[in-house]
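To keep things clear, I will list the structure first and then write my remarks on it.
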Amino acid sequence: MLDKNQIAKRIAKELKDGYYVNLGIGIPTLVANYIPEGISVTLQSENGLLGMGPFPKENEVDPDLINAGKQTITTLPGSAFFDSALSFGMIRAGKVNLTVLGAMEVADNGDIANWKIPGKMVKGMGGAMDLVASAKNIIVAMQHVNKAGESKLLKKCTLPITGLGVVKKIVTELGVFDVTDDGFKLLERAPGISVEEIKNKTEGRLVVEGEIPEMAID
Amino acid sequence: MNKVVKNAEEAIKDIFDGAVMMLGGFGLCGIPENCIAALVKKGTKNLTCISNNAGVDDFGIGLMLQQHQVKKMISSYVGENAEFERQLLSGELEVELIPQGTLATRCMATGYGMPAIFTPAGVGTEVAEGKETRVFNGKTYLLEYAFEADFAIVKAWKGDTHGNLIYKATARNFNPLMAMGGKITIAEVEELVEPGKLDPNEIHTPGIYVHRIFKGTNYEKRIEQKTVSK
Amino acid sequence: MLDKNQIAKRIAKELKDGYYVNLGIGIPTLVANYIPEGISVTLQSENGLLGMGPFPKENEVDPDLINAGKQTITTLPGSAFFDSALSFGMIRAGKVNLTVLGAMEVADNGDIANWKIPGKMVKGMGGAMDLVASAKNIIVAMQHVNKAGESKLLKKCTLPITGLGVVKKIVTELGVFDVTDDGFKLLERAPGISVEEIKNKTEGRLVVEGEIPEMAID
Amino acid sequence: MNKVVKNAEEAIKDIFDGAVMMLGGFGLCGIPENCIAALVKKGTKNLTCISNNAGVDDFGIGLMLQQHQVKKMISSYVGENAEFERQLLSGELEVELIPQGTLATRCMATGYGMPAIFTPAGVGTEVAEGKETRVFNGKTYLLEYAFEADFAIVKAWKGDTHGNLIYKATARNFNPLMAMGGKITIAEVEELVEPGKLDPNEIHTPGIYVHRIFKGTNYEKRIEQKTVSK
C-alpha cells in the first residue's frame, strides 16, 4: 500500500521534460518533491505565477508572494507573474500540460466530484471547475476508499459534480488506473496489493487485462 | 487629470448602502486594506461584494462581515471564516459561488466591453443550472455574463497621479481585472508617484480605468499560511 | 466658412478636463493643436498608447513608437503602453470619452460611412468600425459637400456603412450640428454662412429652431 | 525547457505550404523581420497570413507578396501596397478585412481558450453579413470566432530562454495577442537573456505560450511615416 509520498512519487513519473504543471492542494503538492532527475517542469500556480519555487527561508517570506494554497513561496529564474484571467486563460487554452488534483469521488467515465459534500458547509470550488473543464490531462491523486471503507472509484458520482468525463488517470494507495471507455483500467498494483483487493474496493467498472505488474518503488 | 484623493475615507465617501462592489485580492494577498477599514468605519450596509474570497474572521472582508455590512458575497472560495458560516446558515448572508476563472473572466469582460464570455468551467455541474450552453468544436461551454459593479476597489504596489498602476508579484491576481470592471474604480497604492516616474512599458493597469487613487498607510499584509523551508 | 484648422478648433471646444480622446486621421488630428487652456486631455492611440505626445525631434525618433496613423510620436509623463486587444477593450468598454473622426457621409439618424468607396481599391476599415460601434460620444469632422458639390449630410448613406446610428455631433465648414431623433439640428453657423446656404447643402432632415448663432472665432 | 533555436531558418523550418500564420506588428512597427526574411528565402507557398497590415511593397509581408507566397490575407488595413492591389485585382490573392479590434480580440480569444467573443464592431455593415448577432442590454453584438493558427510569429524586445517576452513601446501592438494564439509560437527578440534576467513582474508574454525563441539580427525597423517637430 502506498503512502501519500509514494502516490506523489508515482505521479511524478508521468512528468515529461518541458511540461507546465498545475498541482492541487494535498497529495498533488507533494509531487513537486519527486520530479525525476533530468526532467525540467514549470509549476503553474493559478493565482498568477509560472515557475513556482520552494517555500522561502524565514527571512525571505514575502506576503505578496503566495501560491494558490495561500502558502508563502518563492520564484525561480524565468518566473513570470500575471493576473487571474490570463492564468485561467492559459489553462483553458490547453497550455498547461498536466493537472494533478485530489478528489472525493471519480466515476468510471471520468466524472469527478471534489468540491462539495451535501449537508456540510460549502467552502467553494475555487479554481477546481476551471481546471477540470480545461486541462488537457488530469491525474487524480486520492485514497481508494473513504473513511467509511466505501470505494471512491464509482460507477457514478454521488456527490455534486465538479466536471464531466475529464479524469484521465488515477493513482491511489492501491494502484494506477487509466480512465477508458470501458471503465477504470488497472495498470499497476501497489506493492503487496492483490488484484482481488483492488476489485473488492472498486465499485465502478474495472478492467483487468493480463498480468498486472507490481509497481517498482525506489 | 489629477485623480488623487487624500485617503481611504475620501475615496469611498460616496459608496452607498446596497452598492455592488468588486474587491481585489486573492486570500489576504493584495487586498485593499485601507478601503476596507474605511468602509467598516463608515458602516455602509447591504453591500454586494464580488471578491474571490471573503477574508478571515478578523481581517479583510471578514471585518465587514463582523459589522453585518455584507448582504451578498460573489466568490469562488469562502473557506476560512467562522462568522461567514454563521451568517450564511442563519440566512443573513447570501452567497453565490462561481468558478475562479469564470469570476476573473467576468470581471475582465466588463473592462473589455464584452457583454458575455464562454467558458467550459462548470458544465454539467450545479453552476450550470439555468445557464445557456453552447457547443463549439465539440466541446460544451457556458455563456457567462460580464459583471456590473458600481465600484471596484483595488490595491496596487505603485501608482501615479494619472491612475496608472503596477502590482507586485502574486498580489496582482484579481486587481487589474477588477480595476477595469468598476463604474468607479478606486486604487490604493503603497507608493504614489508623479507622472513620468513609472515606465510606460511596465504599467499593468492604464490610468484610463482608474478614477481615484491614494497612498495607503499601515499595511499589515497578513499571511494566511506562512510556510518556510529550512 | 471654416478652414480645416477652424473646424478642429471648434471641435476642441467640446473637450472637457480629464477627457480621454481618440482622434482619427486628417482634421481630427489637428484637434490636438487647439486643446483649450486649463483643460487636460489624454490622447489614446488605438495601436496601444495612452498619453500621446507631440511629434519627436529629429534625434528622438523611435521606430518602435508610432501612432495609429503610423507617424513617429513621443510619450508624455504618465503615458502607458498596452496591446491592441486592451486598446480596443477600453474603447468598447466606453472608457474613451470622445472619438473624433472623418467621414464620407453621415445620415440624419447618425449612420456613418467612412471606409469604402465601391469601385475603388479597398484599403480596409482599420479600427474605424470598432471605434464607431463602441465610442460613447462621436464627433465627425468633415466637409459639408463632396468634390462634386453634393451634400454629405444625407437622409441615408449611399456608401457602405461603417456603423449605425452612432454619430452624435458634426462640425463642417458651414456649421455645427447635433444628430437628434428629428435629424441634423443646426446649433451654430460658421461666420458669414446663412441658414439658407446650410439648408441648400444639407440633403438630410435639418432642424432649425429659433435664431441660430454665428460661431465665435478667436 | 530551453526553447532557443539558432536562427530564423531553424525557427521556421517546419512551416509548411498552406499553413495559417499569425504575424505580429502594426504597420512596419514590431514586425518579425528575421522570420519574414527566412520565409521568403524558404519560399513557402499558399500561406494564410493573419496580420493587421500587409506591409509595404518592399518591406514586411510585402516581401512575401512579391514572391507570391501568400494565398490569403486576414487584415484590418492593407493600404499602402501596390503589389498587393495588383494581386488582389487579378484574383491571385484573397483578402478578408476585419475590424482591428475584432482581429485583436479573436487572436486573444484563442490564447484565453475562449471559442468566440461578442463585439459591436461591424454591426449593420457588410462585415456582419452571414454572422450571428445577439442583443445584450439593448445593444447588438456580433459573434466572432477565435482564430486558429498553425504558427504565430512575433517580435519582442527582450526574451529569456524560457520564452518570457517583453515588448517595447507601441511595437507591442498585436504581438502578445498572437503569441498566445499560435499552436506553435515563434518569437524573435532583440535581446535574448538567461532566465532570471527579466523581472517576473514585467513580463508581457509568459513563456508558456512560446515554443521557440531566437535572437534576431540586423533589424532595419523601417519607419512608414517619419514625422518630426522642429
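Read from first to last, the chains carry the letters A, B, C and D; within each, the first residue is number 1.
What we mean here is this: contacts are C-beta pairs under 8 Å (C-beta built on N, C-alpha and C of every residue); 3 or more make two chains touch, one makes a residue touch a chain.
This is a predicted model, so every value here is computed, not measured.
Identification of common neighbours of chain B and chain C yields D.
Farthest from chain A in terms of Cα centroid separation is C. Separation between the centroids of chain B and chain D, computed from CA atoms only, is 33 Å.
For the pair chain C and chain D, the distance between mean C-alpha positions equals 29 Å. Distance from the chain A centre to the chain C centre is 56 Å, each centre being the mean of its Cα atoms. In chain D, the residues that reach two or more other chains under the touch definition are 105, 112-114, 119-120, 167-169, 200-201.
Contact of a single residue of chain C with at least two other chains is seen at positions 49, 75, 81-82, 85, 89, 91-92, 134. Going by the touch rule set out above, the chain pairs that meet are A-B, A-D, B-C, B-D, C-D.
For chain A in complex with chain D, the residues that touch the partner chain are 17-18, 20, 40, 42, 44, 49-51, 75-82, 85-86, 89-96, 134. Residues 1, 110-114, 160-162, 164, 180, 194-196, 200-201, 203, 206-209 of chain D are the ones that touch chain A when the two sit in their complex.
Taken in their complex, chain C has these residues touching chain D: 45-49, 54-58, 61-67, 69-73, 75, 81-85, 87-89, 91-92, 111, 121-130, 133-134, 160-164. Put simply, chain B touches chain A in their complex at residues 26-30, 52, 75-79, 85, 88-89, 97, 99-105, 107-108, 119-127, 157, 167-177, 204, 221-230. Chain D makes touch with chain B in their complex at residues 105, 112-120, 136-137, 139, 141, 145, 166-169, 200-202.
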